[in-house]
Amino acid sequence: MKKRARRHRREEGHGRTDMIFRTLGKAELPKLFGVMAAGGKIVAPVEAGRDRENRPVYVFRETARFEEAALSYTTTKLPAKRYFLPYREDLATFRIEGDDWQKLVDYNVDRPRIFFGLHPCDINALNRLDKVLLNGVYPMPYYVAKRKNMFIVGIDCLPQPYCFCRSMGADTALHGFDMFLTDLGDDYFVEILSDTAYNFLRCVRTSEPGEDDHARYMKAVSRKNDKFIAHVDTTDLTKILDMEFQSEVWKQWGDRCLACGTCANVCPTCYCYGVEETVSVDLGSARKTKTLYSCNLLDFAEVAGGHNFRPERHVRLKYRYYHKHRGFVEAYEEPLCVGCGRCGESCLAGITVPEVIASVRGEGA
Amino acid sequence: METGVKFTDISLGRSKERRRDDPNTFEYTYKAEITNIHRLTPKESLYRIQILDPEERIRFTFSPGQFVMLELPGIGEAPFSISSPPSRHGDVELCIRSVGNLTNFLSKVGRGARVGIRGPFGTSFPTWEMHGQNVLLVAGGLGLAPLRTPIAYVQENRSRFGDADIVYGTKDPSQLLFTYQYDMWRADDINLRLIVEKGGPSWDGPVGMITTALDEILAAKPPSYFQKTFAIVCGPPVMFKFVCTMLNEREVPMQKMFVSLERRMHCGMGKCCRCNVGSTYTCLKGPVFDYWTVMNLKEAI
Amino acid sequence: MTDRNAGGTFLGVPLYRPRTAFFELASCEGCQLQVLNNEATLAPFLGLLEIVNFREAMTGGTDDYEIAFVEGSVSRKDEEDLLKEIRGNARVLVALGSCACFGGVNRLKDRFDPDWTRKTVYGEAPVESGRARPLEDLVAVDLKIYGCPVKKEEVEKVVTNIALGKAVVSPKYPVCMECKANENICLFDLGEPCLGPVTRAGCDSWCPNSRAGCWGCRGPAEDANVEQLEKIMQEHGFAQETILDRLECFGGFARFAEAFRRRRREGAE
Amino acid sequence: MKVDCRIDIRNLTRVEGHGNILIRIHDGRVQEARWEVVETPRFFEAMLVGKRWENVPWICGRICGICSVGHTLASIRAIEHAFGIVPSGLTEKLRLLLKHMETLQSHILHLYFLSAPDYLAAGSVFPLIESSPDVVARAMRIKQLANDLVDSVGGRRMHPTRTVVGGFTMLPEKEELVPFRDRLKKAVDDLLMTAVLFGSFAVPEFSRETEYVSLKGVADYPFIGGDLVSTDGVLRGEDEYREMTNEYIVPQSTAKWARLSRASFAVGALARLNNNFDLLHPLAKEVALNFRLRPVQHNPFMNVTAQLVECVHVVMRSMDLLEELLDGELREARPKVSPKAGAGVGAVEVPRGILYHYYEFDDTGHVRKCDCVIPTGQNHANIQHDLEELAADCLRKGMDDGRIELLAQMLVRAYDPCISCSVH
């Protein structure tokens, strides 16, 4: 654990690249929050209400009040997606001038935001999205602009029964944040990855971690490891998915699927979209709007003239698994899934990734 | 000591030079003008489109098989294969069939209309690898549009190729595209074989499926022909299957057979995922694929 | 009528500014009112159409129109005749709202014997009434604008698209898609029933945005998996009646509601 | 002297729903003056039978698109009475605010879109968009305010989504309400300008002794619940509504008619005003007096003026309500509803008059019996009698056919009838 922490360098960003460790007394945290709130808008997990079993429902929301930030939250229903991949976003607007037009492009970001309390899975989700949307031949500026303006304070978590981040290699975040907090009881163990984070910390009292802090840290980590219940066996998964392309199990899942798109909407890594152009009622302007889509929706692959490359539910559902657990793995050596368990939790039909993959592996759901 | 979070502006200013990895290319649209419209059939027209800015025009180059995204504000944006020779810069011809919002609107615009184009995108036919070889172009329906580019290339470089055959089939004679060019192709020693599924009073050519015409052509070729032949197949998905199987049986090498796939697309840059086949982006790894790759793509054909 | 857009063009292409008529059959006339209910855009909206017949808002009318928006369901002979006459005059007939598209709430009375229904309300007085039927039971319908009530933004989009010659299409996917985009807490998590997973989107999840479950007023999404939702609702502890109430409320799911009743009857035997 | 005249208006325009006016004058005598209601019944009272209580407000709101808020609230009130639920003070305030905004939007729609064209010799409001853009813009501004506020409180402007038995599914955020302060203030100015415009119209002189029925206000001008009162001195409890309406069926109408002390009575803005004049907001009262409108006013054409006065009243009262809401906490738990056997009435003053919903439930909360009495239904008989009198009056004054036809239409329009609603 310690070794990987020292070895890894931050891929993105500026300033320091070596990881610096500090300990921070818990009583100092509100102060740190206050300092940050003075320096920018903070997005934090907040309790939005209670569900029918009186369990809290968490959301990411802007808040300036430390007491509102529910730092020991479980998982938010929705990821912080709207801040980096808004559900609806104008890619361009047009001014119509007679027979001519002007295209106006805006990346829709005007200020940085501080994300206070992202779990490792959500940080890893961003890292994986980076591979498609930030790096590569065609970076997506709408994402890049928002991503570059995210200041991230990560926080450790306890696995919930539906979490399988460990199987997806997303249980720890190695980079992609500015500061990461691990609960040591009375203190937080702080990993610092950026000079901005470092500067924030200089406004509060921290100390150099000692040997016993390291020991406490490692104990916290192994405690977490023992807690995982859900697993996905990824051994040879890309090949197995290929071999089982015609498997009957897909049909069974397809029969249950509502083709509602919820799984993609709650997923922190789903980025597919559709574009629609519309003209204003007064015909004086037009807009080109991007809307996050879902490959489970009927017309995802339908083309003009009505031909649909994936008319059946099970074929579309299968495609979602192929993209995430085969295609992306082949391209980037890790799945486009961080095992946060949100899709399974939100799917009314109870379709969960561990069960689907187990069934494809012939392990009977 | 500063403790704020600084704003990072990712727009790189107004640089004229646009690299693909400059994020500002993403929604960059060349402003262009429709300089001519040639009605080919009631449903298809050939649009000549010229980039307005002379400098941008010079920089705009493409290879046969690539496509552009054509946009009309508020109406839509969609991919179209470039149908004109690559030797012309910043001046492309698109052969477009009216089927939906954008394409129907296009059928109503006139000369001089302002459109936007992005691109070029996608893979191309390896024309230079084809030098010294025979070329066999098989097109069904609108599939002739993307083939018009390699045809022009063959015409311009006729001495560099062996046999050049085009097999082209449509539903009926009224749907044949580019009829005014057939004589020129033939004049350049390109063998053109037409076939229609349903003839008519004015039609005295062959009637049948495209495979019939192809069969006849292939039957006339010596056994040595097939190993030395590049084949490009373009048309509706059902056609691919039959044509490619026939060529495969005759042992045309899989890496020398090319198809151009069509999928739904909203970005052209590997982001929207709408064009994925299995999990391969048609817009990045395609639209031109060799047959070997296609065989290995789940759900391709 | 304003002539703002007469002879207008968009990017050089002439606009289609149809002579337009509005009619209402049995309905609450809410959908027509919705058409006038977006004050901010009303003027440009009216500029896109040449309204020649709109009884609720204007005096004077003519049979010379190209597009007819018809609200309401059909249950009487005179309505049937009127509808056929409209169909004869109009090039494009638009069903406006759930009553026109599906029969709407008006259909709920058809659960009963018509004689009983009439007697319950009018006693022995001779009042004519047939089953409440959607327009397409009687004439061909070219376009449907769903909803009870229709969403003004959608009507505006339809009309703008008609002017531009763009296709008019409703989303094929269900309301959940929009509900998630609006970041609502799922009603099922709150213990409330919701037809969002099977209802055609386009309303921008109007009801769930208010923390009220969807009642399916826009009818089924394409490829709606209603049977699965029925199972899910039962697993969540909702009475069969709750499911049926929602399925039959606006008529869009009539087919499913009938199947549901049939199954329930068979189950009871 | 007028000898022969035949007026036959099928499907009167600029009213909600379908109605016909028939006037036949022959040999200097009014042979016939008829108000026919031909709307198709939708049988709401039958369709609800057997439905569980949860469906009821949702379905009953669909009786009418213009006053869907009022129907929903009357329906909820009836159910709450049947189940013995008492809504919280906050809920009552929010409901009243919704009610006020419905009154405002409906009255403005009637004043500017349906009524004004008659006085401006236009067929509709549409030509006015070009010729008097500022007048139309003013109407739009007020209407939009009313609609937007209903959106914020009720979830949407038509067929509200948040109003349920017991309270609201969701409450607005305070930040959302704050901007309405200024918009309401602006609306007062706009209404005073409206008063100037309507002050320039010549209201037809016509009068007929009429009994006016409405809710009886106690501390405030009444809108939701309370006792029922008439200008002839009848006073009844809310649950005695049947004795106040006495519905009966006539061949010329698919809507039922009503009567009380005389052959017919009227409900609506004028009735409310006639019965509760002293409870109007002072500014509203001032506007009324400027129009020489004071109780008991018997000119049905003055109903339009009464609507204008009520607009001023509801805007002033909404400003107070808004302040109260912004001062308090906007949070409340939605009570659990337990159905029980019983019956309940909900009486609500909707724009066109007093509306009653009545339900009987069995012990599982299923509707056993349902009755809805619609304001326009209560007005039909009165319209009929007014029409007869008006025809005779016109005859006496020797008016030409065109003028009679116009006045007859204006008379019916003055009631702002909601015909499809009255038939339901």
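Chains: A, B, C and D, in written order; residue numbering restarts at 1 for each.
As a working rule, a residue touches a chain if its C-beta (ideal position, glycine included) is under 8 Å from a C-beta of that chain, and two chains touch if they have at least 3 such contacts.
Everything quoted here is computed from the prediction, not taken from an experiment.
Novice: Which chain is most remote from chain B in terms of Cα centres?
Specialist: Farthest from chain B by mean C-alpha position: D.
Novice: Look at the interfaces C-D and B-C and say which one is made up of more C-beta pairs in contact.
Specialist: C-D
Novice: Can you name the chain whose C-alpha mean lies closest to the mean of all the C-alpha atoms?
Specialist: So the chain sitting closest to the middle is C.
Novice: So how far apart, in whole Å, are chain A and chain D when each is placed at the average of its C-alpha atoms?
Specialist: 53
Novice: When the C-alpha atoms of chain C and chain D are each averaged to a single point, how far apart are the two points in Å?
Specialist: 25
Novice: What's the distance between the Cα centroids of chain B and chain D, rounded to whole Å?
Specialist: Computed value for the inter-centroid distance: 65 Å.
Novice: Averaging over Cα atoms per chain, report the distance between chain B and chain C in Å.
Specialist: 43
Novice: For chain A, give me the residues that contact two or more of the other chains.
Specialist: 96, 99, 101, 278-279
Novice: Pull out every residue in chain D that's touching 2 or more other chains.
Specialist: Correct list: empty.
Novice: Indicate the residues of chain C shared as contacts by at least two other chains.
Specialist: Each of 10-12, 164 in chain C touches at least two other chains.
Novice: Between which chains does touch occur?
Specialist: Chain-chain contacts present: A-B, A-C, B-C, C-D.
Novice: In their shared complex, at which residues does chain A touch chain C?
Specialist: 48-49, 51-52, 57, 59, 77-78, 82, 87-88, 96, 99, 101, 255-262, 265-266, 278-283, 291-292, 294, 297-299, 313, 346, 348-349
Novice: Sort out for me which residues of chain C touch chain A in the complex.
Specialist: Per the touch definition, chain C meets chain A at residues 5, 8-12, 15, 41, 44-45, 47-48, 156-157, 159-160, 163-164, 172-174, 176-177, 180-183, 185-186, 188-191, 196-198, 221-225, 228-229, 232.
Novice: How about chain B: which of its residues touch chain A in the complex?
Specialist: 1-11, 20-21, 23-27, 29, 71-78, 99-100, 103, 112-114, 116, 237, 262-264, 266-267, 269-274, 276, 278-280, 284, 298-299
Novice: Please name which positions on chain D make contact with chain C in the complex.
Specialist: These residues of chain D touch chain C: 11, 13-17, 38-43, 45-52, 54-55, 58-59, 62-66, 68, 109, 113-114, 117, 123-127, 129-130, 136, 140-141, 143-144, 147, 155-159, 161-162, 164, 169-170, 249, 251, 254, 420-421.
Novice: Using the touch rule from the top, collect the residues of chain B that touch chain C in their complex.
Specialist: Touch residues, chain B against chain C: 72-75, 100-101, 104-105, 108-110, 112-114.
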